[in-house]
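These are the structures, in structure tokens.
Each of the next two complexes has chain A plus one other chain: chain B in the first, chain C in the second.
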Partner chain A sequence: MAHQAHAYHMVDPSPWPLTGAVAALLMTSGLAIWFHFHSTTLMGLGMALLLLTMYQWWRDIIREGTFQGHHTPPVQKGLRYGMILFITSEVFFFLGFFWAFYHSSLAPTPELGGCWPPTGITPLDPFEVPLLNTAVLLASGVTVTWAHHSIMEGERKQAIQSLALTILLGFYFTFLQAMEYYEAPFTIADGVYGATFFVATGFHGLHVIIGSTFLAICLLRQIQYHFTSEHHFGFEAAAWYWHFVDVVWLFLYISIYWWGS
Partner chain B sequence: MYYKFSGFTQKLTGSAPTAAYSPQGLRPGVPAESPAMIFATPTKVVSEAGSMVEYLGANRVPDLQRLFQTSDGIPIHLKRGVPDRLLYRTTMALTVGGALYCLVALYFAAQPRNK
Partner chain C sequence: MLVCSPPIKLKKKKKRSPLAPHRTVRTVSTHCGTMFRAVFRLSATGARSLARSRPCYSAPLASRCYSHGKVETDEEFDARWVTYFSKPDIDAWELRKGMNTLIGYDLVPEAKILDSALRACRRLNDLASAIRILEAVKDKAGPHKDIYPYLIQELKPTLSELGISTPEELGIDKL
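Let's turn to the complex of A and B:
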């Protein structure tokens, strides 16, 4: 803005951190109320508030960056650090679940039959749908890179098409994984095998949905001319997140689906 | 009429006699007079079509930049006027109402269950 003598962004006062915090309170208390009193009202209220907060907070960031020009190079650098640190925290999140898997599978207890997969578990064939899923995510990594280059080269139509293709591949993965979940011969309650399998792949699936949503927002923004060939950090952040999701899947596939079968 | 296979798609296209497809390597003699070859008008490339062509909508970013940069002191989350205010008030109502509902629910949940 014209009145500041520095390149940093002094944000307008905003109500969204408060509404987000209250949403977290309502969701957690609502979870407890659901467990003990079978009512989902409080939790539902919390989720609605969370969605409203996310929508308005990120809408405001788009306004501040794209329409008001506050995202100068130093500000953008801060945003980059922020996204990298967030993704790093997610890496540690998944690391925990991989730790749990390897803890149980490297030294299977006598209760499991002393073997992995445990006695009575028929694991999924890693060379069927899981392999297709791997191909789908790898292909989506290619298309998102294609989208990035299209944006950098000012190719509007190609950027839109490749980004749309990336999102479609993401949806295809989610659909295939949902089918696998439905058809799986074991459940989350089937001992430590089921628990590690569904918690690790389940959280991964959630991250695929989040990543697809982020990319879909970027598609809408690209259509509305928000991105320039020099400045499109929102897209880069979405692409980083998507690559992270892809890498987590590769680790899941190698460890749980392939080695663990 | 002479033909060749086009470079990328390998489709049959018209050609000058000297560039024509001759698999046996026999160069055809240059005809006395080759008829004028008329090809269908190629489709226009978007970049040649002029500035009025748009793909999936026109660019409204400059207008939005003007709107959001008016110095009226209104904070960013209300700058668009009525729709922003509606959404903000709904969110705040849910926040305050929800927080109170939560405290009440937790108060009741904390009561001992008498057997």
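Let's turn to the complex of A and C:
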């Protein structure tokens, strides 16, 4: 049958789910090999395979949507649901780390001196670099919204500029946070304070890097005329993810940096 | 409509030197077992207080200075905290949480509350926290140097019964 009698997308067979699964296997077993036998080869192989899988899988989605027209309204609706569900799962991921933080900080143990911050810990001043980081991410939320409106209004140059600015702000945040990590007077090994601080902010930083990368892909696609003023879901998904990253930071800032100091 | 009688001074939590005058504290104290109660007020930077929820073992009565609503009396406050620490199966987390919340208030807890907390420590086999409670109480009294010895005197029977030494007896009160 040459044409389908429905609006949905029956995806062509693809090897990428298999390569992704193999990559997951190689990375996890590679981790164990690294721990026990000090060799990173298997894990490195797994990571390389993961990067190749991601690149090719998402490249194929772009081909299917932008060039072959498979992303009809119902298909796009499904993609929207998918992104929302994914972000929701990420919310729960972070919820766990916030639970750990509040469990430890609302009822600090005698080993910590019964107080929070624990005895001997000098927390970072929330009104110095962390406040700047807050301003940077909030500003990036504004610029990404500006980019969205530019795309919807067909303003190509502004869309490129505002999206580039958003990415630069993301890099600035990452740079500032890296500096903070380097200069911090405490480490991840400094009791439950260090553990909750660096695990929560560390995973957040990883998500900033992921979000920045997603936005950078969108910038390349925008430059190459992939988006129309009516249809640019890839960008919307990146923007949603970016706002999520911003909101997580706000919770981190209020809870760990400010209240926790 | 009950209004908090003293002028409400919203103050930022902490970092006040123990030598700083307690401008915003109204303490009524004699040596004969009266209240060492400063007026409780809501911290201006609400983040810290808001994060400390009311002990959920009892009904949350407002002891904050709203312009309307029920105002908890000192006796109700004390009773609520005695009840909190008297829970037979209180767990270690709840004990520590209760103590941190209590110490966050702008007051020195009454002997009866501390007695209940010390007994909770006994049930939980937590001697370290019991002694820490005494240290915290001394710190809360700030420049009012007569409060701590008075409380130790009031708690002496309980301290003897439970076998809790004071920081002074252990020589850990000096840095």
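Note that the second predicted complex is superposed on the first by the 259 of 261 C-alpha atoms of A that agree within 3 Å, B and C clash if a C-alpha of one lies under 4 Å from a C-alpha of the other, contacts with A are read in each partner's own complex, and residues count from 1 in each chain.
Please note the rule applied: contacts are C-beta pairs under 8 Å (C-beta built on N, C-alpha and C of every residue); 3 or more make two chains touch, one makes a residue touch a chain.
On a predicted model such as this, the values are computed, not experimentally measured, just so you know.
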Partners on chain A (chain B, chain C) - clash or fit: fit
Chain B versus chain C as contact partner of A:W259, first or second or both or neither: second
A:L206 touches, of chain B and chain C: first, second, both or neither? neither
First, second, both or neither for A:A178, with chain B first and chain C second: neither
Touching partner for A:L250 - first (chain B), second (chain C), both, neither: neither
Partner chain(s) touched by A:T109 [first = chain B, second = chain C, both, neither]: second
Chain A: partner with more touched residues, chain B or chain C: B
Touched partner set for A:I84, first chain B, second chain C, both or neither: neither
Chain B and chain C, minimum CA distance [Å, superposed model]: 41
Interface residues of chain A shared between complexes with chain B and chain C: none
Contacting residues of chain A [partner chain C, same complex]: 102-103, 106-110, 113-116, 254-255, 258-259
Chain B residues within the chain A interface of the complex: 46, 55-57, 59-61, 64-65, 67-69, 75-77, 79, 87-88, 90-92, 94-95, 98-99, 101-102, 105-106, 109
Parts of chain C lying in touch with chain A, wherever the complex brings them together: 47-48, 51-52, 92-97, 99-100, 126, 128-129, 132, 136
List of chain A residues in touch with chain B within their complex: 12-16, 18-19, 22-23, 25-26, 29-30, 32-33, 36-37, 41-42, 45-46, 48-49, 52-53, 56, 60, 63-64, 66-69, 156-157, 160, 223-226
